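I have a structure I would like to understand better, so I am pasting it below and will then ask my questions one at a time.
Note that the chains take the letters A, B and C in the order they are written out, and that residue 1 is the start of every chain.
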Amino acid sequence: MSETGVIHDIGYQRYTGPRLGRGAGIGALYVHGLRAAFGLGRSAKAKIFPWLVAGIALLVAVIIAAIKSQFPEITFSYVDLDNQLSFMIIFFSAILAPTLVSRDLRSNTLPLYFSRPLRAADYVAAKFLAMVTAVWLLLGVPQFIMFLGAAFTTKTGMKGVWHEVQDLVPAWGYSLLWALLFAGIGLLIASLTGKQAFAAGGIVAVFLMTTPVVAVLAQLPSSAANHMAGLASPITLINGVGSYLLGSKIGLDIGRYGPIFVIEAFCLIAACLLLLLARYRKVSAL
Amino acid sequence: MNIIATQALTKTYGGGVTALSDLTVQVEPGVIGLVGANGAGKSTFIKIMLGLIAPTAGSVRVFDIDPVTDTDKVRARVGYMPENDCLPPDVSAAEFVTHLGRMSGLPRTAARERASETLRHVGLYEERYRQIGGYSTGMKQRVKLAQALVHDPDLLLLDEPTNGLDPGGRDAMLALIHRIGTEFGISVVVCSHLLGEVERICDSLIAIQGGRLLRADRISSMTTASDLLAVEVSEGTDQLAARLAELGLTVTRDDRLLLVAMDSEDAHDRILRAVTDLELNLHRLDQRRHRVAELFTAKETADV
Amino acid sequence: MSTVAMITARGLFGRRRALMLVPLPLLLIGLAALCKSFDVEPTNWGQPVIEGLGFAVVLPVIALIVGTGVLGSEIDDGTLVHILTKPLPRRDIILAKYLVAAVVTAITTMIPLYVVGLLAGSAELAAALAVAAIVGSFAYTALFVLLSLLTRRPVLLGLVYILIWEGLLGRWVSGTRVLSIEQYVITIADKIEPTTILTGQVSVTTAAVMSAVFVIVSTIVAINRLGSFSLAGETS
């Protein structure tokens, strides 16, 4: 500090600190994706749509919690929240998936990622987990708010709270199923185009156009077709899995075809991930 | 010590396109120019070194590591600057370079420090907090260079770093690359289709054409042997040629010009003396600015 | 003006994205044919196919893809400047692009709906659905062309309109139906050929007047907007 006011050009200094492995890179990409999902660290404009959706979801949860505390006879379960918010989840996916993957395609950033220790599988894993977490938070946090509302107003003390916990945890699992399926399908569609607008449109089109198919199949004069109609749309597929695993009736009557719903949901998620991986294997070699 | 060594490296794409064929080179540290026309196989070579694509045949070692099997180890020590635009418009350079630093495995704070340091080294100061979309082409090229440098690699692979720059920008970029190679102690491979550009800053050159090695050598050994004096006289060119040959100079006839190899310091004086002795009218006597380009057309075979 | 229209039409069909227009109408016809072959009563399947898929999804989504595509993609990749520098009144540019978008949307939606109408009932129903689809095409594309000039994220905003305004609010909050093109379309089809399949929820006058208002106001605002349009940089 002797020569104040003089800036020394200390020249180039080699980096001697620690170098973390691929795992740290994946972790950083995951956190980066999760932040980007909610527009954190990005412009104010990027925050509008995600927070609009998140705000509505939170608002709905607060309203329901308030209503339920006043009128305990109203049955609106944690699972019902997911189903009622299905349009919001579609919209959220349509914002999220293009933000996570189409942007990198559009601006050609992938060669920069893949010239680093990161692999195609790492990239896909980090982006998928980020989106799953974001969608799950969109549903899980409002469910938790509903839980808080119920827990604080329960008349039966700890027993009532415990009862609510038993309802909340499976519902969180149900939300996770939504998150897994929407992340898989959404990212797969978004990875096909660099234009965020088309990716968003494509995602909405896929989710929306499959819903009426279910309604039509449910009209067919065959009970097997009626029970399996739900397989035609991701949303009713999730409903079906929920009905089967949680033992409560959600949406359509799936008859005794529950296991088929579970198998299809699993295969669908796996197929989306494999296709994503194949897609990025191809991209990363270019 | 060689930083890059290939042995009969061959890459054939599906559909029978041969991008690299039987390429054998050893590269020493320093600034290396990788020159060739568009489509000569430069980018394929770089991608093989990064382990992005596997060679069809032959082997390649970078720092004596095989990029096909030990991809991570190679990539950790190499920085890559692609040819095309690859920057997102809506983030700041500081943020973007930090992010890529973390992708390379730097811890969070180290990535941030390294990012601002490298951006300073490439000449971006306060602008680094602005969104990249508003940058000029020159600034974008600097950001691309900074992201390749952020994890402090031992080798930089730069694909056409002067693309799209104006003459001033080119000079600045070349000077920067030269500084990285000399002051920073980082070896640099500069890909370019402009030979005249890279020969100014390189220690050695690798020239490839149609996937084959044309020549690989140190610039110094390419240029010393090649200095020529061009002599033109009004008449009696043959007479002068004979006389110069008698004096022990190597003379080649090029239409009306005589090209004399400048093998000794006094070649200049000896030519002048021969011209006056023969009482010829001297039109010109000048030293040919040797261009490395001529070496590649003159010498077909590779001597590594 | 015809040149602009030509270029726009070619831009629309010349790219891969035109393929996005194919599956939706095919799905519509396929579902109707499936129900028909199983001899399901049209009163049962008509509502989900015609209203649920045709008017609520196929029509707005195609209008969204086309409407934001004619101008939005040029703004996005910066090629709009090529047209703006031509000695053309900006009104003509908007009108040409809007007409191409509306006609393309109308053709791609009215044909499947006409076929579905035939399968569901009569030629009269088919014609009614086709007319309603044309009205809807003009109203939706006017709105989406305008959106692509007002914001950098026209598709997202368009999706907000389709999903949240028409889809979510339109279901529960009856007041929003006055500003829902989907409701106009359903009402118009219902009035031309009353069936049990569709139930118009707004008055036919509202539907007709509001459709016209959507078309005219959107186009005028779009023309004004393009008049003062400045090409922004890449930053958003």
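Side notes on the structure shown:
The rule we apply is simple: a contact is a pair of C-beta atoms (placed from the backbone, for glycine too) under 8 Å apart; a residue touches a chain by one contact, two chains touch by 3 or more.
None of these values were measured; they are calculated from a predicted model.
Compared with chain C, the chain whose C-alpha mean position is the greatest distance off is B. If each chain is reduced to the average of its C-alpha atoms, the one that sits nearest the average of all protein C-alpha atoms is A.
Per-chain Cα centroids separate chain A from chain C by 29 Å.
Note on chain placement: the centre of chain A and the centre of chain B lie 48 Å apart, centres being C-alpha means.
Each chain gets one centre point, the mean of its Cα atoms, and the points for chain B and chain C are 56 Å apart.
Residue positions of chain B with contacts to 2 or more other chains are 89-90. Annotation for chain A: residues touching 2 or more other chains are 43, 46.
Multi-chain contact residues of chain C (touching two or more other chains): 236. Chain B contributes residues 47, 50, 52-53, 71-72, 75-76, 78, 80, 82, 84-91, 95, 99-100, 102-108, 110, 114, 117, 121, 147, 151-152, 180, 183-185 to its touches with chain A in the complex.
Here chain A touches chain B in the complex through residues 11-15, 17-22, 24-25, 28-29, 32, 41-43, 46, 103-104, 106-109, 111-118, 284-285, going by the rule given at the top. Within the complex formed with chain C, the chain A residues making contact are 43, 45-46, 49, 52, 87-88, 90-91, 94-95, 195-198, 200-202, 204-205, 208-209, 211-213, 215-216, 219-222.
Partner chain A is touched in their complex by these residues of chain C: 17, 20, 23-24, 27, 31, 34-35, 38-40, 44-45, 48-49, 52-53, 56-58, 61, 64-65, 68, 72-73, 76, 152-156, 159-160, 162-164, 167-168, 236.
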